[in-house]
Every structure is written in structure tokens, then in C-alpha cells.
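Quick heads-up: structures coming right below.
There are two complexes below, and they share subunit A, which is joined by subunit B in the first and by subunit C in the second.
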Partner chain A sequence: MKDDERDLYFVEGIAVPQTPLPGEEPAAWGKTTVIGQRQPRVDAYERVSGTAVYPSDVVLPNMLYGALLRCPHAHARVKKVDISAAERMEGVHAILTGASLAGKVKWPYSEEVVTDLFDAQCRFEGEAVAAVAATTPYVARDALRAIAVEYEVLPFVADERESLAPGAAQIHAGGNRFKAETYERGDVNKGFAEADVVLEEKYRTACEIQSPMELHGCVANWEGDSLTIWESTQGVYAVQAKTADILGLPLSKVRVIGHYMGGGFGAKLQPGKYTICAALLARKIGRPVKIFLSREEAMLAAGNRPPANMTIKAGVKKDGTLTALQFSGLGSGGAYPAGGTSLLDWLVRDLYVCPNVQSELTDVAINAGPARPFRAPGHPQCAWALEQMMDALAEAIGMDPVDLRLKNVPLVSQGREGSPPYTTTGLSACITEGAEAFGWREARRRTAAARKEKNHLKRGVGMGSCVWFVGGGRPPSTVIVKLFADGSVNLNMGASDIGTGTKTVMSMVLAEELGVRPETIQIEHADTGSTQYATPSGGSKTVPTESPAVRSAAIAVKQQLLKMAAGELGSPLENLRYTGEYIEATDSGKKVKITDLASLKKQGVVVGIGYRGPNPEGKVVNPFAAQFCEVEVNTRTGEVRILRFLGAHESGRVMDRLTFDNQVFGGITMGIGLGMTEKRILDANSTGKMVNRNLHDYKLPTALDVPEEMVSLPVDMPDSEANNTGAKGLGEPVTIPTAAAIANAIYDAVGVRVRQSPADPLTMNRLLAEQSPEERS
Partner chain B sequence: MTVHFSYVRPASLQDAMGQLTGDNARIHAGGTDLLGCLRDEVFPVDKLVSISRLDKLRGIKKTTDGGLSIGALTTIAEVAVHPLIREKYTALAQGAAAVGSPQIRNQGTLGGNLCQKPRCWYYRGEFHCLRKGGDFCYAAEGENQYHCILGGDYCYIVHPSDTAPALQAFGATLRIAGPRGGRDVSVADFFVPPSRDVTRETVLEQEEIVTEILLPPAPAGLRSAYRKVRARQAWDFALAGVALALEQEGGRVQKSRVVLSGAAPIPWRAVEVEKIINDSTLGAEVIREAAAAAMAKAVPLSKNGYKIPLFQGMLEEELEKMRGA
Partner chain C sequence: MKKKEDDEKTGQCQCEHGYTRRGFLASVGVGAMAAIATTSKLSSAKEASPAELSAEKAVVVTLLVNDRTHRLLVEPRWSLLYVLREHLGLTGTKVGCERGECGACTVLIDDLPRNACLTLAVEAEGRRITTLEGLMQGEELGPVQQAFVEEDAMQCGYCTPGQIMSVEGLLRARPQPTPAEIRQAVSGNLCRCGTYPHIVKAAARAADLKAKR
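Showing the complex of A and B:
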């Protein structure tokens, strides 16, 4: 190899941050070279070309295919399961039923509610009744059809608003109420008395299905008493823990691998019953078993965003001071406790300055598939109510919606005990800079003037803002970075990359700190057998949790290299500078190439370990946002067209501008689904079954439902108090205010409040029909 | 599930018809509808007869009388972009362009679009409904937000085709091959409402195959349009739709055909609208009256009352666009 090709892993002339002396904390990054740039995904080629192996691609020698028999009724008791015909079918290797498991395998729906894996009482359509493994997926499905189940069909309740009514079907022995929570600060009655305007309104958001592109599933294989699972998951260690617990295995005997995965919005934070079934079938037969759900099964049983019924009462003074907020929410996470009202009141408690706040939440059971935390649990629903109410208040006191929000920006987290301050808040900046970039004031004048024109195509603009409950990340995380003798680098971390660009961002951190090129870094991750412990990717925490640990590990590598150089150059540590390709002595002027360090050559590798440090005490780390949109409403047909969207997001430091923008676009797209197209529909009158369990009838937004003009406006505010990279999370705030902003724009256009999501032509025609002909034209 | 039917690809129309014997033999053209039906077990199948080798059924050509012949296997995408169709039979090109998604338009055929099964989620789902031989229609008292407001009778499906209303508005005819000879059936007579037979959607007999769609010559002064309102902008069927074919002279409507989609179990000719707009200049009052008349006989179900203002508003908008054309 020629000499000038030797150090191909280092970027020449890159400014690398100062290395702290051992025991010292690193200083916050100043001007960055790699971080903040537009770095394409380091694994883009693999993903696009198809060489990336997702769990659904995994095929092992001798592998069998499993499938779950699911209850076709909303509520039923299994009386008898006859597998005699299925057992005799050619290609069928094993069948598991409630009888065959004899109550020995339990499934924890929550900490309090633990049932048999195949519980005789099926409380929702799609509940697992039996599982088979066969030579092909087709034989497995045929075997399911050959199983004869005798059900006693029970009365059901499909609508959470009827769950607590007298005479409603009882889903659990203790009744249908799972949880009632209350919160209070100040005195809302006093607050309402002080207000110049008090408004009260009811809102509802429909249940949404999570719908990741890759379906839920896994491959399970036993080697002796050791189980390996390839799972499409947001967190391999979370799958390991729950699986080991259910099967009574030591953690060391359960290895979970999830390198690539095709999307997860919360429903893949834990294993499914399919995981346990695959493991049990594989053990019984002694061959690997693969189970992936069908789209219909996933829609019924693999997780949703609970429907939310919200009443909000708000008081405001003429100058825009909020005096009181009162909120009540009723929701249902389905047939088992699954956070049916989780965080549903958080924005009311925390987003705007308000001394008097009261809320009550009621989580009830219905006969429907269990919810799972879905991208910012509770928040988009609460925004739908609160952000529409803010606009209504602004109108009532003759104030611009932007000004009303700016008037009430908090610097402390009022929703938390003791009102601790946020480390940083970009809420004001998001609203101000977003409005400026969107051309808010001009657009408002334009739409107001156009409303007087006789035209059935009405334009309107709307906005919404948000805080996200967490998003600061937290310990623990352990990361190992290895620098090999040739200067190339290996990153070992347990975290998943759920499509958000985790691997890319972490490569950029290493590149920034070590001066190496991101694309030359080898990454091992998301494998409990060979990578370090990490918590699952949820809560917008992966970047703020993992990136500081990655930076610390890189610094540990540099410190060891500097120590080697100290001996070889004969200078004390404090006089040495790591510059990427070289280590230089400021006293003697001597320098040594990293790859020429004799100790490195001899040792072969330098191993740096990084840990995620604690979050700042007594402070709260949250991301903030404001989104703006323009719509056109056809008052004759109720069609709403979204013309443009702008998302102004403050998530601390912008790590990768490209993944940042794509998160914003993705979040807005998902929010358009909540606002415009998505709703689970249960056949409430006769069967309780879900009627729109496919991708045609369950309407995820398509490319044509998303505006061509989408702008991401990052509010770049490195948060040096939060952690050593200054990053906060972004994955969830991006979808919080979207639907509310659309609803506000619709109001601006045509003067109707869309209280129930989605704002499709069904809803819009009903609302517009209530208007007088003068209002419509 | 494992395949439990045979699959044949006959090389001639005669062979294809010969293969279609028995109640459970089905034609496979583009397959965009058929495959979904097979997967959802909407009907039993023991034999699939692919007609993909019948190349004579493809293509668009002028007829001697100045009209147009479209082979039944012509794809929806080909219909949507054909210059002559876009110019002379605009509503058909627009209807084709409004079908499904690009993938579906590339694969689906015009004949198949006319012969597709209804999209009712009870009919397609795990419900033994009236149309499948069960005892009642689940939609009547159930989740009927996408169901019909006109022509429902024990069954409340809407006809899913976006091309049929346009073809009917142009007075198109279907050429049908059968083992006992061929026949021509007008599009208007091709569809069977549930009041006549709740278990079928068309007059097509088991061994018959639609081979050709014949459009009469486009008269001078003809202007047409297809408008579709849907819950999302692609891959969705009509909540409300209309095909308009108006012959005008000096700003006055001489003759008109107005056919609704998303309204009824069959493409629904709105004769009431035609009567009002004929011999008018499409003044504001006429348009309002016509749009109201279209819905005069509508009987909404519990959850689809929104369709009435929707159809009225859509008709007003589309008739205005026709004014003075």
C-alpha cells in the first residue's frame, strides 16, 4: 500500500475538539465540522438495494412457519378447541392450545393483569387462541382453518363512551374502569372568575392503527437451551427481558437480534404473543420457527393510538393571560390496561403559562385490540383539543393566535411537582421564527380578506405548538468504540435504528470527535449477545441517550491514544493535541501519526468505553415545536386540500440536518393521517368487529395527501446542560401539533370547528351542512 | 393458504369460454380485484381462466362508424392517457385516471373495471351477508358511511367503477362473447341492481366474456367530465362521483347524460338532472334546481347523510364548469 493511502480513514485537516484530560468532563462542542451537516444514511445503500437483512427476511435451515389462530369475535369464551383434523395434516409439525400449555405460560398485559397465553376468555377480536407450525406459511394457515373452536359469544362493548353505562358488557370481573387520575394546581373556579372570556368545548380524536411498514414478527431458534430471536423491534434488550421472564429463562440464555427493522411507532417496544409462540413451537419441534403477522392481524391486535374524548374549558383575560384550564378525558386502550389515557392531559398541564389547572382522566375497557404507546402518547390528541381552544380564545379576545401563544410561553415545567425549569426552551423561537418563515401575518390578512369573496374554494391558515413530555434521554447506556491499528473504527452499541438514522447520527458523532470519515465506521448494534445494554427506542430518546455515550467512548479512545503518544513523544499529556490523523506536542513541535504509534501497533486496538451520564438535577429536558399550514376547503364538497406545511422544531442541537428534516416531514405526514384520513371503525351495532382492517379501508395518507411544499425550519439550540452533545429528541414532537394546525386552518378558511377527527369529506359535509348558505358561499 | 384451484391460460376465446364451465370458474384478467377476492374468500373458486393470451382483446382503435373500440384487456392506464379518448371522451380518460393507484391502473383492465365486485366491507369481510347467501345486510343497520343513498334494496353496496359512469354517459355498448354466440349489451343494461337480483352485479353469464367496449361517435358540441370525491387522494373509491356528457349549441344544452358513481349499487343515471338542464343555458337557478333534483329520491342510511350535500355541491360545481362550453 502506498504511503498516501495509508490513513484513508481520517479526514485531512478536520478540526477535532479538544480532548479533556482523564477525569475531566468534555466541553460542549463549539463550531462543528460534521455534526449539523446533511449526512445521508450510512446504511442507505444496503436498505435501498435490498442487501439489508430485516427480521422478516431471515430464513434459517430447516425453518418452519408459524401462525396464530385468532378469535373472530369481539368477546367470546373458548369452550372447546379440536385440533384433531389439523394435527393430521401433512406438513403440520406442532400445535399449541390453551389445553396443551395447561396454564403454564402466562402473558402479562400489564403489571396487574396477567392471563394465560391462550386465555379462554377472548376479550377482543384477534386475541390468540392457538398456534401452529408447519412447513410453509400456507400450510400453517390451512391448519388454522382446520382447527375447530367452539365459542360462547359474549356481549361486547365497542365504544368507550358506552363502556361505563349501566348494562354495558362487563369485560373484567372488576368492571370496565381501569384507571381514574386527577390533577390540580391553583383554583380553576377562581381562574374562571378572573377571566374576561370563558369557553368550553368537546373534542374527539379517533383511534389510529400504528401501521409500521414491516409487520410484527420474529424468527426463533434454539441451540440447546439457548434461545435466539430475530425480532422486528425497537429494543432488543426489552424483548430479551420480557421473553426471558415469561419463559423462565436466565437473560444469558436469550439472545435477541434486531439489526434492521421496518418501522416502529411504539407497538414494537416489547415482544408479542407471537414471539412466545415462536419460541415455544421451536423448542417443541427442535427447528427454527418464523412467525410474522398478516396486516389484518396487526391491525386487530398489534397496537393503536387510543380514541380520546376530551372536554376543555378555558378562561382568558383580554390581554391574553390564561387564567384557568379545566380538562377531562375519557379514553380506552382496548380490552386490557394499555394506557388508554396516557399523558392525555400533559399539554394542558405544561404547554402554556396558567396558574389554575384541573384535569381528570378516565381509562376504560372496550372489546378491542390493546393500544401500545404510539408516537407521543396522548399528545396529538390533547393538542387537537387545546390548540383548537387556544385559537377559539384568541378569536374571542380579538388577538392573533400566534400572539396569544407567545404571551403564555413558560420557562418552567408547571405540570411537574415544584415547577422545575427547562434546561432550554425554544418554544418562543419556534413560534416566532416559524411564523416569520411561513409568512403568517401576511397569510392571515390574505385569508381574512378572501373570506368576504364569493368563492366556494376557501383558503385558511392555522398553527399549533407543542412541548413533548420527555425527549431528553437518560441513563443507562454503555457504548464501546474500538480504534484498530490502521485507524479504522468500530462502534458497538445496543440501540436500535428504527428508521430514524441512529447509526448515521452516531457515526457523525465519532467522525466529529475522532476525525474519521463516517462511512468507514463499522457498526454493530441491536444484539443482546454482542452489543451493550440499551433501553428501547421510544420517547424520542435514542439520540440524546446514545450520542453522549458515543462521544464519551470516543474521548476514552483519544485519551488512551494520547497516553501512548505521551510516552513516545516524551511530552506530558496536557501538552498533547489529538488532531485526527496526528497527535501533536505543543511544547516540542513533534508529532506522530496515530497509525504509527508503536503501542497501538503492538496492542492492535484501543478500546474506549462510554457511559451516558446523569441528566441535570432539578431541571427538565424537553423539545418544543410550532407548526403552520395552509389549506383550501371546497365548501361545496367538503374536500380539504393541504397546500403547504412548515415545521419549526427545537430539539437542542441539530445533529444531522438531513435526518432532522426527514423526521419533520414524516411526523407531519403521520399527523395528516390523524387530522385528515385515519380512523379505526368497529361494527358497533352488530358484531363489534373491525370493518376497515386493511390498507384500503383504513386510510393512511398517500403521497397525494401530503403537500408538495413542506418546510423544515430547525431552531438549532445546543443544550449543553442536557448532555455532552447538546441534543434533544425529535421523533415525537414532529407529529404532535400537526392535526390541530390543520383543524385551525380549516376554521380560518370556513369558520367551522372540526371537533371530531378526521376532517374527511364525511365530517366536513356534516359540519358545512350546519352552516347557513351565506356562510358557505 | 395453499392453492386449491386449477389455473388455465387458453389461447383462444373459444377455449376460454369452454374453460369457464361450472359455477366456480372465474376469469383472470388484470387480477387487481380477483386476487383480493381470493384472499378474502369472497367467493369459492376451483378454476381460474386467465385471458392474458387473448391479444385480440387488447388495444384501442377507431370503428368504421367514427366511434371507438376498446378491447376489454386494455389497461386502465392506457385508457387514461389515450389522446383520442382524452380529446373526444374526456370523462372516460378522467374516470380511468381516477382509478386506484398507478400500479392498479397499469395492471387493471377496462373489462375488469366493469366486472369488479363491490367494495362493501361486510361483503369483503368475515360476514356472511345477503349478497354472499346470508340472511341479511349488515350495512343496513351497521357501518354504512360508504354505502348507497339511491337504489338500495335489501343490499346497500355502491358500484365501485370510475369508468362505468363515463361509458354509460357516452351510451357505450359492451360486446360479449358467449358459447351460444355473442351479444351486445348497453352499459346501462349491463348492471343488475339488488332489487332485481341481490347475488349478482352484472348480466354476464358464467361462460360469457366481455371482449370489447364500443363507444359511439362523439357528436359535435359534446363536452364531458368525470369528477370524483374521495376520502383520500389516491387508492380510494368514490364517496361521490359524476360523469357528465353534455351536447351544447350556442350555450344551450341540447342533450345530456348524467351518471353518478358512489351513489347506488349500479352506475346511477340521474334523469332528473338531465330533464332540468336540457334546453337550458345552465343558469345558476337551473343548476341549483338540478343538483337538488338529483338527490330528491335519495334515502340516506344512518351514517351516510353527508352524501346528500356532497352530491349536490359536487353537481353544482361540475355543472357550472360546463356552462357556456
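Showing the complex of A and C:
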């Protein structure tokens, strides 16, 4: 900081909104000066200098390293665990097994299914069997190898399509069917009868692994009867609650810290067995214990996006009116109830106007690691089916895919009871403005004309659109803002910044409201011991949940400053204007610098508390999007190259344009993974084991897999009804329509429908070979 | 840059005696064996002849990290990554897979980007090791780090140190790279948040910043 700025944390000359009277909801921001700008991350320095301490970076004095022994079979019963050799090894300090815990520590897989922490029944490859702590991770792994386990290997089922077949291995006593849900509105048979065209098709998306770059894990340390856990998590309070519950500790005795974390995507909303093991080992030895999983363990046991098998039947009139949608989905969240079909039919129910909708979802068990929420659960899968079907319908009635979608944009949430209206919907704007910016119509003409050319490189364009089920945020959230005597500001907030720029956006909210510079704001966050309660950062809810609370807290600070100034300037409150650096009296023309307020100097600090208020009653707050892409298919090699992508996103008010764009590109990149490269492969025939359990064989998109041209087109629609900052969530819609848009572009290029993800060269070669000669051009 | 096919044939990249990711993977087994067998590289000659060197038996190694010399007692099986993070406290180097597949642990060894997880600490003796922390000029960010801040070339930030080191290595060999060279250079660094477009922009910006300094 320059010398002349040392006493001045305020931005000069910017208009700062008026403080509302107490008890009044703050008015929506008009023109903003900080919000909506391109603000680099407030913690970027820490992240690029190596000074940011992630949980996996934590090294405590006297710390030991833990590791988990995992079942190598898809389905087995542990008969005997012999730790005698491992116990004698130099450097091994403690070993926990099912026998040593004597059934005293339970692990709740779901509300209904609770097992022992080390359960004799191992229902998936990678289930925890024992845990060790040793002087180094190398010795810990040596110890795991020295533990002799006798397994009774059991029959398995690794393909969800076989799970309900007669004679399939039974994973739970009650059978393999976890859940069957149905939904119905209108009459689909009547709808199909009214249609000019009815199409039916089957689609499948493969199972994906979240694969955050920082592995799952924690460091656990006891001070007397108080436990502190540094955990790589999306929600410190969620980790605290489950850990305290399992260990039978008061919440006040479990402190969870997660200032930085290296990605979660839904897989880090809860603690893992490793968290409990680290705490138990640390207590047993009286030394801190660090457990971080290996990549292989994370792939087997730390969550996934369930595979989805979908059948969709749709009816449409020649003018593009949808008359009926019928959907059935079969999925599996693995060996325990874990949302195997969670929200799988939501887009069918809600995205387009349709009076007659029926769906049925079946969630079954297989011998595989339990699913965890994965960025927009159910939605990208459903988009893969629905958005390809929309294109097929459009082709059948000779309508442009963009026009068919625009014809069916809803203003109410039909999927919900009573069809409540959305507060705002930018779906039409996303499709229209996106198509315009992409040059959709011109591109469609170009690709259609090029199709007749004799060339093995075929280009096509495709699109997809979406709504995201939530994304409006909700209570509870409490934050505290402190303004110190020198005018600098501290924010205390429990929410985690999982890489989405939460801290940066909150700094911008404070800067906007208080007129201070974002970089002078200090933030304490994500620590159950010292920050306020927050729900985990997931569901695209962090900005719409926390930012209104932060704004309210800033207003509470302003109100107190104005009260102080009223006394010192001798003017009534209603005649005072807060301008950031000063408070001015409009009647007398007198003004006082905020840092000169005598009461502030005496008091040392002004504290404002902000609470997240309720969402509007009877209305739905959802974000919307449309994405467009152009691909080039090599019909000789089956390779698909994505040439360009455009994401048009309506997430209420654009808070930070820089992190907004980054999120859009990131979501598209992840969607490219679903569409083009990623699939968990289980050896369903002979062992049930995962065969691509590493980042070489399980392909995440690299810098070479994303197009050079990526465009983010924000549809900036401040939603003043939703909350006092007008923001909606962005993190999930950005990845929903991507894979479907790619599949539609491939169809446009070569006339091949990719029904099963991913569209890798093997799949493409097979599909191209199956094409009849006249389809080939 | 020369032809890409040359790289794939030899596993060597055109820039001096560098490695592509694939070539590096193919050669690392040999490297690890060679290091264990080469006692001349180990400071403690008394530790014995190659035949007696066991994986668990600690040896003294002298590492030159960020221009500082560290004399350490390490087990020959310890990776450079483990020693940097858990013994030297240089946690800017991240751990993502310990198999040379994600690039989170990228450091420079004699100016070339290498996976610290596939490099044994004993193997790194006598080499010039640069980690993320070594790019700092006191409190000031180095040009690549500065460019990553300006272009928002990070989200969760966990792959970021590896990305920065790959870009640093590229710019040391090719001060004015093309966008295609940049994408190739960071293609061994996985970013699950998907910040690639910003990373490519940051690398180009870094080249400009470096040229100005």
C-alpha cells in the first residue's frame, strides 16, 4: 500500500447507497460501482505464492500419518483380520480394526442404513477394513500391506442394469431396489394422441468421478477433550455435526477448520470415514494424525455421479407445441442409498412448457462406491436425454432447435406443486442472445451446406439449455462485519470458498455498501470455532445465501455510524448522507470524516450483524442458461474436436465478471468431460473391480481438450425479488447443458446420435461404422 | 518448436534436453533405478555399496532448493514431493495423484518442469530445484504468479502452483511461446475447476511481464 493511502481505506467520489431506516428491507442496488466489475480474487496472492495453507498442507509438531486398509473385492465378508505382524513394525503406533472398535463406532450411510465403521460386510471395493497410524506415510502403507485379512468373497453385481435381474447378487437383505419414485401431471396418452410427431429413444450417461485436485482428507488433533480437524471440505459446520454425532461429542468440542480447500464439486459436503479414523487414531495415541486418501482410494470410495439409463418419449405438434413427455430413469448410487436417481427427471418436469408429463425413477444397489452429490445432481444426465430429444423433435417437424425451445419457455415452475412462478427467468434471453452472439443461424446454414461436401472433417453446431433446481440460496446464514476505528473492515463468515470466489464477491458487497476498497477487507471464514454458522457451499447457493447477509451486516454498520454522526453533527438522521469516507448533513452542510467520529474512536469498533432473510413466498428462484458449440468430427479417426463454445447464463445479478466468466468456462470444461472423456469402468463380468482407477485411464479434460474460443455471455438480470443483492447461483447451471450441446453438434456434423456418453473416438468409430452408406456423406 | 512427431518418437522435447509428459513417464522407472544404484550421488559414502542400500535405510542427501542448501536424512524411497512438503515445509508444491498423472507437484529441476512425485529425493541431489516459493522475489510475486492473479487463472487454486511452474519452465525455454505451445506445456497439469482459458491467457501475459522486467 502506498504511504498516502495508509489512513484512507475509502474509495473517493463513489456513490454509496443510502441506508434504509431500521426495519426496512434495503432497496435494490441501482447503478453499482464495484459489483459487476472484473475484480481479481482477494486471496489470489495467497494462492499463487504458496502461502495459502490447504488442509493437506497442515503439518503439526509430533504428527503421525494415517492410512486406511480397503477391501480389494467388490463384495466380501471379512472373516479375520490379523494385525500381529503390522503391530510389531517399527514406526507403527496404532491400528484400528472392526474387532478393536467392538462395534462401538457406527457409520451412517443414510438415515436408514447404519453400519459399523469397519463393517464385516464389505459391499464395495474400497470399503474401509482397518486404519493405521505411523511415523511416515511410507511406513503406514507398509503396515497396511502387513495386515493379513481373510475374506469370504461373495457374488457381486456391478452393472445397475443387472441389479434387479433374477439371480442377481443380493447386496442388502431387503433386496437391491432402494427407491422408486413416480411423477405425473396431465395425461400423457392424451398428449401423445394430440401430437403430430412422437419419438422415443434410450440414452445413457456413464458414471463420473468428481476428482477434485486436492484429495479427501484431514488432520485431527486433540487438546484434552477438544478435537480440532483441518478438513478439505465444502462445509465446516456439516463436518462438525456428523463427526460430533458419530463420536458422541458435544458440538462445542469439535472444531473444524477449512480455510482453503482444493475443490469438492459435491464430494466434500460431509466428513468421510477417514475423518473419524484420524480422530480415533489421534485420541488413541495422543498425537495429531493426518490422513489423506490416495487418488485410487478417492476414485473407489469418495463419491461419484451415478450412471443414468434413461428412456424418453416425446410428442410435439407441427407448430412446436410440446404435447407430452414421458421419462423413465434407472440409476445407482452404489452399494448404499446415495441418491442414485436424485433429480434425474427434473428437466423433463420443469424446463419446457408441457401439460402432460409422466416420469418414473428407480434407484438400485450395485457393488460400487457410494455416490455423492456431483455438480447439479441429475441435471446434466437428464439434459443429455432431453436436449437431444428436443433436437430430434425439431428435425422431425422441420423447425430450428432454437425456435423449438423458444416456443416452449415457461414462466412458472410446472414441476412443483401448484406451478409457482419464477421470480425472474432469463431462459428466453439466454437462448436468444446466446444464439445471436454465437451466430447460430448463419452457422446452421454453413454446416448444412458443408454436409454434402466430400471431406472427412465434418463440422456441426449444437445447443442445449437448462434450469437448475435450486440456486436461489436460503436461510440460515449469519455474518458479522466489524468496522475498526481506522476505517478498515473485517468480515466474519462461516461459509467456505471452494474456488468460486466467495470471499472476493463478499468483499465486493462490502465495498459497494460501505465505500471501502475490497483489498482492505480482511475475511475470517470456514472455522466452526471462530466464525458464524453457515450451511455447506453447494447447490449454487453460497453467493445468494451469504451476500444478502453480508449486505445487511454492512447496513447495520452504516446505521450505527449515522447515529454517531447525528449526535456529533447535531442533525437528525434523515438529513444525513453516507458517502463512504464522510457522513454529510444536508441541512447544515457540515460533514464529518468517519474515522474522525469521536464515538467510533472511543468505541474502537462498530459491529454489524447480518442475517439471511427468507426467500419470497410462493415463488421459485432458479438460474437459467443456454450453451452453444461448434465441433469438428474426423470421420476417419472418430475424433471430435470442439472448436468453440459459448455459455449464455442468467444467474441474477453478475457480481464479479471475472470470476463469473471463469465459472462458466470451468462448467463447460467439466461438461466436456461428461460428454467426451469420462467414464468409470467396472469389470462387470469377472471381478466387479474398477479398472480405470487413476487419472491416466480415467480421463479428465486437459488444456488440449477445451476449445481455444470460449465465450461467456452473462445475461445480467438483477433479481430484486429474490434477495437484497439480486444474485442467483451460477456454479451448477454452467455444466448442465454442455454435454448435450456437444452431442447435438455431433449429430449436426455427421448425422449420428451419441446415445451413450462419452463420445470418445471408440464410440464415434462404432457409430460411424453403423451408419448406412446413404447416411454417410 | 520442432515437429511434434519428433517428441513422441523420442520422448524428448525440442527445448534442450527436456521431456514430454509421455516420455517422462516412460523413462522414470529407469531414472529411479539409476539413482538408487548410483551411490556416488549420495553424500554419505559410508552408507554403503549399492547392494546394501535398502529402501527404508536413511541416507544423507544434500538438496539445493530455491538457492538454499538443505542437508537431510532421507529414506531412499522418499519422493522429492514428500520431502519438500512434509520435511522442508514447502507446501506450495501440491499432491494430487503421486503417479505423475496430474501435474500438481510440478517443480523445476535444472529449469525443466518435472513431477516431484516421480522424483526420488536422492535422485534430485546435485540438481537445482525450484518450487513455487522460489519464484517469489521477497514478498513480491514473480511475473508468472502476477499474471495468474491478473487473469484470474485459478479457482480452488490447488493445481495452480503446478500450472505456474509449467508455465515458468516453458518461458525459460521459450520466452515468447505461441498459444499452441502454451496449451501443450500445461497439458500435463489437470485443472478440475476448468480454468484453462484463463491459464492460457495468463501464460501469454506472463511472457509480456517477463519481457518487460
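Couple of notes before you dig in:
Please note the rule applied: the second predicted complex is superposed on the first by the 767 of 777 C-alpha atoms of A that agree within 3 Å, B and C clash if a C-alpha of one lies under 4 Å from a C-alpha of the other, contacts with A are read in each partner's own complex, and residues count from 1 in each chain.
Heads up, the rule we're going with is that a residue touches a chain if its C-beta (ideal position, glycine included) is under 8 Å from a C-beta of that chain, and two chains touch if they have at least 3 such contacts.
Fair warning: this is a prediction, and the values are worked out from it, not measured in the lab.
Once chain A of one complex is fitted onto chain A of the other, the partner contacts of A:696 extend to both subunit B and subunit C. Of the two partner chains placed by superposition, only subunit B is touched by A:639; subunit C is not.
In the superposition on chain A, A:215 makes contact with subunit C only, while subunit B stays out of contact range. Touch criterion met: A:47 reaches subunit C, while subunit B stays clear of it.
Residue contacts after overlaying the shared chain place A:704 against subunit B and subunit C alike. Of the two partner chains placed around the shared chain by superposition, subunit C is the only one that A:263 touches, whereas subunit B remains out of contact.
In the superposed pair of complexes, A:138 makes contact with subunit B and with subunit C alike.
In the superposed model, A:668 lies in contact with subunit C only, and not with subunit B. Residue contacts after overlaying the shared chain place A:120 against neither subunit B nor subunit C.
Touched residues of subunit A were counted for both subunit B and subunit C, and C has more of them.
The residues of subunit A shared by its contacts with subunit B and with subunit C are 136, 138, 696, 701-704.
Listing the residues of subunit A that touch subunit B in their complex gives 72, 136, 138-139, 141-142, 145, 456, 634-639, 676-677, 681-687, 689, 691-693, 696-697, 699, 701-705, 760-763, 765-766, 768-769. For subunit C in complex with subunit A, the residues that touch the partner chain are 56, 75, 77-78, 82, 85-86, 89-99, 101-102, 104, 131-133, 136, 141, 145, 148-150, 152, 154-161, 164, 179, 183-184, 186-200.
Residues 40-41, 44-45, 47-54, 56-57, 59, 136-138, 210-215, 260-263, 265, 292, 294-295, 498-501, 658-659, 661-663, 665-670, 694-696, 700-704, 706, 708, 710 of subunit A touch subunit C in their complex. Those residues of subunit B whose C-beta lies close enough to touch subunit A in the complex are 1-3, 101, 119, 121-122, 125-127, 138, 141-143, 145, 229-236, 239-240, 305-307, 309-310, 312-314, 316-317.
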